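Next, two complexes with subunit A in common: one pairs it with subunit B, the other with subunit C.
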Partner chain A sequence: MTTATGNQDRHSFFLNMGPQHPSTHGVLRILLEMDGEYVLEAEPVLGYGHRIQEKMGESRTWKAFMPNTSRLDYVGALICTHGYVGLIERMAGIEVPPRAEYIRVITSELNRIGSHLLWLGAFLLDLGAFTPIMYTFDDREQILDILEDVTGSRLTYCYYRVGGVNRDIDESFIEKTRDFIRRLRGRFKIYQDLITDNIIFIKRVRDIVRFTPDMARRYGLTGPLLRSTGIRYDIRKNEPYSAYSEFDFEVPVGTTGDCMEAYQVRIREMEQCLRIIEQALDRLPEGPVLVKTPRKLKLPPGDASFSVETARGELAYYLVSDGSDVPYRLKIRSPCFSNLSLLPEVCRDMLLSDLVMVLGTLDLVIPAIDR
Partner chain B sequence: MDETDRLIDDLGGLPAAVNRVDYRRRGFHLEVLLNAEQVRKLAGMLRDREFYLSFVSAVHLLPAIEVLYQFASFALPCRIMARAAVTEGGTMPTISDMFHGANWHERETRDMFGVVFTGHPYLEPLLLPEEDADLKPLLKAEGELKTVDKISAQPKKDAAEPPAEEER
Partner chain C sequence: MEDFNQLPPELIRMIVAVVVVIGFVFLNSLVLGYLERKLAGRFQLRPGPMEVGPQGVLQLIADAVKLLGKQFIIPREANAPLFRLAPFLAFVPVGVSFIVIPFSQKLQVRDFDVGLVFILAVMAFNVVATLVAGWMSNNKYSLFGAARSVAQNVAYEIPMLLSVVAVVLITNSVSMKEIVLSQQEVWHVVTQPVAFLIYFIAGMAETHRAPFDLPEAESELTAGFHTEFSGICFSFFFLAEYTNMFFVGSVAVALFFGGWSGPTLPWMDYSGIVWYMLKVYLLLFIMIWIRWTFPRVRFDQLLNFCWKYLTPIALVNLLVTAVLVKL
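Right after this comes the complex of A and B.
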């Protein structure tokens, strides 16, 4: 600790935030140089949860790596798996039945809402508001129940297969999903009153940080944070994969790019997810949900990339195949990695309590960063 | 002539080999093969055109490690995959002054492959612990190493024709 012995020097001290700090949401460590309550420099220290996923990808067959993909961004596991099966199908030239693509869209969007709800609760918990997480988890619980019925798991889903999905959805799934859509639409009003219009919340999150489009380009910022700066960029719209081009939905954007706008983008995004699910249920095609693929799937030599819009931004898989049934190189680009990399720039001269809000806004999933 | 065509022309002048590829098969629009000396020029050009950096990584091949750069644009439907072989000393110029996000990606690439990015402000281990700084876990063992042509899309009859038709 330093004491004020003069006014010409910068009296700073170092503070370790994490790796076991509740508001880093996982084993992330941030080394802070502080001046009183103000952050002078922040340096994220990564790697505590590094499992060398990319090497694992090179040591097993395409299909055997599938469960790993749901352990990257485990809050949006289905979306991560979506990208991986999409990549294999793209390279192998496998046509997926329309019904399977629709089921993927429905389940992915449910997963996205679940992810946003978890974020919403945890974000407010960081802020010191305990009540909202009770509401968001109540809603998220419904999604987990719906997905459990069809996928068999509640968090690290491995439901998609190369060529379709593991099992078909039934009437009960459709009915429960429609009930959930009705339910969540009714809840937005509660969230509006409880959070959005809450003066304490507004004062804590408004204008504490400014994300800009140029910053987004320099750091590769994607997802709701990018959209909060006013750039309408969503992989589901800009490079539509799966069946996304068949649905009518909007991409909500903000204007100034602060925590409040990122919050609003996420809330409005949940409404759009409901619209997509509703349309997909209404127009659900008949037919098979899985095409037969060879047990030993060999991909042609060459390279390919596949990007999906996760709840946090662009997740990209890039693979190099040498013609065998095991990847030669599999690169996983996680949105959280790039999103976190701008933290040192944005949090300079910020209050420590505001840094917690920025970290919350980034919506980090550490296993996806460390891989 | 649209914006992508103009970009292809400019990239070709780097000089670099620029191929328009089939997006449905590859997941990107342009493949750019260039030398290490041109990487900074490429980055500068894409920075001016408001591209963002998706990632930097590498792949271990014979005769050299190739560094991968993926760029995309918020405005244009144009995803670029660039590959450059590292020079014999194992170095590559950094682009982290133009694309600040490359800072971490380059550190990770150094962790995994040992590629040294010259001009990088802080090339310390990122994901690996300090004591494993020279582990280079993603380098291939001798027997697993493949040459560049083994991992390039073979110009098979069915694969080569559709893009050719598109050009006409």
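Right after this comes the complex of A and C.
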């Protein structure tokens, strides 16, 4: 990067944004070269919260690593765990009961909505609107209550097991979830009035940056950001895992790839999540939710990978097994890392306020970057 | 008692006025601070402060005590004398402005012939405090806040003054009392609605209220110009902000809403102040409402809005008013 010594032609100075800054949402540090209010270069500096997750995965048994996976992207913890158990089941050839797959889909989608709601509130907070986050948290709280009933925790769930899920859902869970679906459908109108139609919001968000399909390919952009550029790519549709192939849902895409589109993709995605949950609840099969797996699970030698669609994009696990009861190598591909790497390119010559807005649009969860 | 009578009455009156003004500045900030937090709670589906006193009414007093107990830290690289001075630069002018505010027919410290000019001039002084505070902190975020504040205040001063001049053209006076008296038949908000709107928007920008709170935009600049201030010096900025809000409201009431006028209450002579305060706090309620609803505008949008819309509209409004008055 040319900014290491500062550019002599420009009257620039450095601004250190983070690791403690209200809108980096965690311990992310961004080194900015500024010319007045304009950002000339931005360089993300990582590593403040690194926890050697991958190495931990290689030093403990297959099952013992499971709680760690929910500490990666803690806002969508269930989906992260989903990827890991899916990977082990794929390698060991374990058949998961259909009821368990359905429960996984329902809880994962609830988790995804919760993640999007948190993002929505935090994004508006970055834009300086204090109120929406209270509304989205109010809705998210319902999800947390529902999930707490069945999983026992509210944020870092450890609910999925290799071969199924820990506990079966009951009638009250189904009832509460249906209530929540009704409630959230009504709330979208409020969000429309409060946020989407707000003139200041539109002026702040529309046409500030443009994520292009080319850019998306170069940086490995996934998730709502990729879909906002018009590419219809969603792991749930393109590489269906779990029971996703059995549901009828759309993958919302944008056209221009600006932040407004990314915003709308996420909002429409929440509606699709509700559709999936509804279908899954209607067609919930009977049967066991967990198959027995050996206490000391040994995977056959070889390698495998498994991708899931988190709220932020494609989370992939790749692992190599040498036939023992611990992995030989575990690699985690986090969507946040790829999405963040785009920042230096898009934020050139943009105002500091817009940088904060773009950072909000990227929807980063820093512990997923600093694994 | 003997000695007391020997003091010149002017001096006694001055001391009483100063004590009352300072008391009022604190009281107003307590009320507004509490109101703001309670209302914000209402808008955000939460109860707001509830713990200290019934319904949390003593919360602001608890906060004030906490701030008094905090150490005032001067950053090593800061310019210490000016850094210390900045909070007082913010706080002192707001006390002076009270001199000309006509709370009621009789409750006015002094009715200057140039009362309106005086109050606007003193209000504009606020920007100096912000600049000194931001610049002398030797913190880049503070400097950003200070630079934004200066550009914003200088820009919004113009439509604000232009809209005020439109009223002055009608009343033919810049004495606050006479402006209020000229509205006995019809309030200027009816004859000058555009001027009022421009004044109100510009006033929100002048006092750095969201959606124009760019000098202290917390998601961008952490806390803007007062990032480095702690303890009682921080609370001076806080007091100055709320008092400035009160001035923006009270000038609006005096200019556009007939000042103290209203149906006479049983207290006769003092019913004016009740109406005056009621109107001011109603306007402030709207300001708080707007703050907790809208996102923040971007800096260039803020200036564009001022130069491209507010200033030209204010000029046209002034021109039309001038022609109509002449007719």
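Simple rule for what comes next: the second predicted complex is superposed on the first by the 362 of 371 C-alpha atoms of A that agree within 3 Å, B and C clash if a C-alpha of one lies under 4 Å from a C-alpha of the other, contacts with A are read in each partner's own complex, and residues count from 1 in each chain.
The definition used in the following text is that a residue touches a chain if its C-beta (ideal position, glycine included) is under 8 Å from a C-beta of that chain, and two chains touch if they have at least 3 such contacts.
This one's a predicted model, so the numbers in the text were calculated from it and none came from an experiment.
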item: Partner chain in contact with A:Glu345 - subunit B first, subunit C second, else both or neither; value: first
item: Partner chain(s) touched by A:Pro22 [first = subunit B, second = subunit C, both, neither]; value: second
item: First, second, both or neither for A:Tyr219, with subunit B first and subunit C second; value: first
item: Which superposed partner A:Val162 touches (first subunit B, second subunit C, both, neither); value: neither
item: Residue contacts with subunit A in the superposition, subunit B compared against subunit C; value: B
item: Which of subunit B and subunit C A:Lys55 touches, first, second, both or neither; value: first
item: Touched partner set for A:Leu72, first subunit B, second subunit C, both or neither; value: neither
item: Touching partner for A:Glu37 - first (subunit B), second (subunit C), both, neither; value: second
item: Contact residues common to both interfaces of subunit A (with subunit B and with subunit C); value: none
item: Sites on subunit C touched by subunit A in the complex; value: 40, 43-46, 140-141, 144, 147-148, 210-211, 213, 217-220, 222, 292-301
item: Of all residues in subunit A, those that touch subunit C in their complex; value: 13, 15, 21-23, 36-37, 124-131, 134-135, 138, 194, 198, 200-201, 203-204, 351-354, 356
item: Touching residues (chain side subunit A, partner subunit B) in the complex; value: 46-47, 50, 52, 54-55, 58, 87, 90-91, 93, 213, 216-222, 226, 231, 233, 238-239, 300-307, 314, 316, 318, 320-323, 328-329, 331, 333, 337-338, 341-342, 345, 370-371
item: Interfacial residue positions of subunit B with respect to subunit A in the complex; value: 23-28, 47, 50-55, 57, 59-60, 68, 70, 72, 74, 77, 79, 81, 98-101, 103-104, 112, 125-129, 137-138, 146, 150-154, 156, 159
